[in-house]
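Order of writing sets the chain letters: A, B, C and D. Residues in each chain are counted from 1.
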Amino acid sequence: MTLLTEQILYKVIKKRPNQSHKGTYGRILIIGGTQQFGGAVIMNAIAAVHSGAGLVTVATDAANFTAIHSHLPEAMVVDFNDDLTPYIQTNDVILIGSGLGDRVDLVQTTFSAVSEKQVIIIDGSALTLSAEHHLTWPKGKLILTPHQMEWQRISGIAIAQQPSDALNLMARDKFIKKPVIVLKQFHTQIYTDNGIYELSIGGPYQATGGMGDTLAGIIAGFTAQFNVTTLSDTVLAAVYTHSAIADELAKTQYVTLPTQISQALPIFMKKYAN
Amino acid sequence: MTLLTEQILYKVIKKRPNQSHKGTYGRILIIGGTQQFGGAVIMNAIAAVHSGAGLVTVATDAANFTAIHSHLPEAMVVDFNDDLTPYIQTNDVILIGSGLGDRVDLVQTTFSAVSEKQVIIIDGSALTLSAEHHLTWPKGKLILTPHQMEWQRISGIAIAQQPSDALNLMARDKFIKKPVIVLKQFHTQIYTDNGIYELSIGGPYQATGGMGDTLAGIIAGFTAQFNVTTLSDTVLAAVYTHSAIADELAKTQYVTLPTQISQALPIFMKKYAN
Amino acid sequence: MTLLTEQILYKVIKKRPNQSHKGTYGRILIIGGTQQFGGAVIMNAIAAVHSGAGLVTVATDAANFTAIHSHLPEAMVVDFNDDLTPYIQTNDVILIGSGLGDRVDLVQTTFSAVSEKQVIIIDGSALTLSAEHHLTWPKGKLILTPHQMEWQRISGIAIAQQPSDALNLMARDKFIKKPVIVLKQFHTQIYTDNGIYELSIGGPYQATGGMGDTLAGIIAGFTAQFNVTTLSDTVLAAVYTHSAIADELAKTQYVTLPTQISQALPIFMKKYAN
Amino acid sequence: MTLLTEQILYKVIKKRPNQSHKGTYGRILIIGGTQQFGGAVIMNAIAAVHSGAGLVTVATDAANFTAIHSHLPEAMVVDFNDDLTPYIQTNDVILIGSGLGDRVDLVQTTFSAVSEKQVIIIDGSALTLSAEHHLTWPKGKLILTPHQMEWQRISGIAIAQQPSDALNLMARDKFIKKPVIVLKQFHTQIYTDNGIYELSIGGPYQATGGMGDTLAGIIAGFTAQFNVTTLSDTVLAAVYTHSAIADELAKTQYVTLPTQISQALPIFMKKYAN
């Protein structure tokens, strides 16, 4: 178990090359947000755009389009009841699951359409639906972001047993393509090809709805644009960034709202780019 | 009659325990907001989220969903014409009545479904409808937030007689389950199991539409998350916080808008957490 | 011709009495905003609320409700295709005309329903429609806010002749109930029962769409709440405030947006309350 | 090839004359924004309004109206499926193409209706559609804002050959009415009647979706209001302003969002007005 430190930020967040364009920083497709949980994809997208993703498209219930554009004209939208296959195939990073409700059909379509080169981040309802429906995991580079109950559903490991790294590793080994697993808990643990990492920053001021959606959006934004090191390192940097910003805000705030964390991304990230 | 002071904030607002999650800080269901008065539930929810509630769901006219998410992707929404019973049963705090119009059916459904362990805050139209339709009060821990005319409707005590604590107490004693009553007026009085409290802060810069909706939202947020002391103390702290923030803003502002008060909650509350 | 100075603000803007409530600061009904010009009533309402009006209701095309609430949950809304008579009768100040398009029916209904005690501010399209359809002016306390072309339509005085105070006064004298006329131009002139006033502040940084809608909203907000002096004085103070804030913003800005002026109202007004 | 410097701002951005009104600063019609790409016209319009345009109307999918007004009540809206001819004829500057999808019919209508005195800015999809459908260019004063692939489609010059000024000039010479061409790339080049200019400021922090829509909006705002020098100079100043603001923001931010650039316009422009 390695403790995550600020060093991961210096390793991952790099000054951008002059000769680059928005395609250089990745295309992200976010799939989620029933009408009831539309806020989830809004928070995904605010985080992804503020972390510096090149292009962000949100596939969601059409009822959410106006609220998305009210926050973020920078994002494009598509009705998740349209055929998403062409969208899935032309984006570099797919984030699926935040506020997705019971739309297992969308999870299946996505899992089928994702290719090996793509990054796919599986969050929230998509994790539960995958477990409940025994879906075959997609071919892409997998990132899972379960909280403990979701991990129990996927892995079969009861929450009480999850402190056992060995059990978690065994569950991870069963995946044909081993995922990066961000196991969200008091001290979030990240299982990677290079070992297990633990996050010791962050705090209870983050315990509010939408915090996980924001984390998923930052992971999407980071994996879309950073590639000088490994995918694992990039996820670690995203996880660290999310809580480091919360810690900064918490110096003066009793609670830290998800959207405040996203708004703080551009200034926070600047400090580490070199 | 006890004068409320800043001490109530030190007593109620506590540093959060490290090992906690959003469930620790409570689930709130807000029921209100016809299309015409949709702003009321938006202000409820902005206040609840900024005060640190774990999860906030707004049951309202579907016409209000986009405006809610434009302000607050952190909130979830549900159409108040759907069956709300499962939502009522799975939330810790129910706030009903802000901008509810004449929807007595929703008040009845809610009053029937609330259980003894839940906190129910009854505001605005729900108070008037309860009086007009002689509804049976719900089983939950009751908090009423009437202004003087609403209190007259509920208690039968004319506004001119309301300065009489004895009469107000008698009216309160008729409730099977004695409520915390926040009687909003020039110097707001709060009737509790531990006596009567009076608020001497706040001022006429608060005399603008939506101020009461914001107060109800802060009460919801506080009761959802704070429990080291009594429910009465928690309500007292919410009432004090609402006007103390207004007083701070009024040092530089002629009027203090409801949403400004909510935005100021995280920084204000930080000063008292220890 | 009297030059308007900052003194008018000290005369009109007063510290609020402690014993007051939102009713004390007036109920405003704003009627306007076809779908195409919906922004106009949004700017009316932002100005009215930020200037300290007690309660603001916007009667407009239902297509504008969500955008209004996205800016201003403090405002209530009503479909202007519903029967507005009960709304007109229960508000203290009626502002009609901003972005109203060709809805002469709404002008007629409003003019008929307004009573002598009410203040009615007639702006934008309502001025043109009144002239074109030879409507009978309403019974209320009239405030007209024409720009020069609108004044030509109402008075029959060509723009080239409008520098003649005598002609303008003659036109004003034809009204049974003499209105306060805010004749918007390079140096705006205000015709009142106490003489003609001229505004020498403000500047070309204000020359942007929506500036007049914001002025109308401030006039509504001021007339709803201030009554220690005459209605004329209150209008003068509103006109002065609008441009004085623009002048402050213009110290650092090339253009001053209407919504920025409204946002600045609470802090600006504080300086004059005593 | 002339290097663009800050001097162009002093040359173009002038203190406004006192005797002026919103008509003095131009009427802009923005045509674009299918439902999916609605954010594009929002960013056009935010940029145009903040740069000081007198009046801005957005012709777009009606689904985008609420999001536009949530950002910008200062803008007017019209359904782009209505007959746009009267709107095209009564505006001074037409900006067409941002997020326009495959709506070649709108490009054709616009190109036919534009008169010689009008400025027409052709952006995004309108460029691609013009090339694909071999449309006849409109009679107005043309400004094209292609990125390299769009320029390839229009000119037939492959991206690899575009460093050749001679080829680009030859392509430009084929236009009956020679356009100002803003060829967006690492160092953006602007082809004008007075020679070729190159932008050496700006950076990769701008590589995010919507940056071009914002540039198009600033060009619209500048050409609508500035006319003391040539149209070419005005475009050059707009291009310089866009990246100069990004450079300022990038001193403290890792990425610079399009809407942040627009928000900064009024303060930035003030520094150059004399």
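Here, a contact is a pair of C-beta atoms (placed from the backbone, for glycine too) under 8 Å apart; a residue touches a chain by one contact, two chains touch by 3 or more.
Just so we're clear, the structure is a prediction, and the values are computed from it rather than from any experiment.
It takes 90 degrees of rotation, in steps of 5, to superpose the Cα atoms of chain A onto those of chain D. Different-residue interface: chain C and chain D share under half of the residue numbers found at their contact.
Per-chain CA centroids place chain B at a distance of 35 Å from chain C. Averaged Cα coordinates give chain A a centre that lies 49 Å from the centre of chain C. Residue positions of chain C with contacts to 2 or more other chains are 66, 70. Chains touching one another form the pairs A-B, A-D, B-C, C-D. Taken in their complex, chain B has these residues touching chain C: 35-40, 42-43, 46, 63-64, 66-67, 70-71, 147, 186, 203-205, 207-211, 250, 252-259.
Every residue of chain B that touches chain A in the complex is listed here, in rising order: 13, 16-22, 24-25, 49-56, 65-66, 69-70, 72-78, 265-270, 273.
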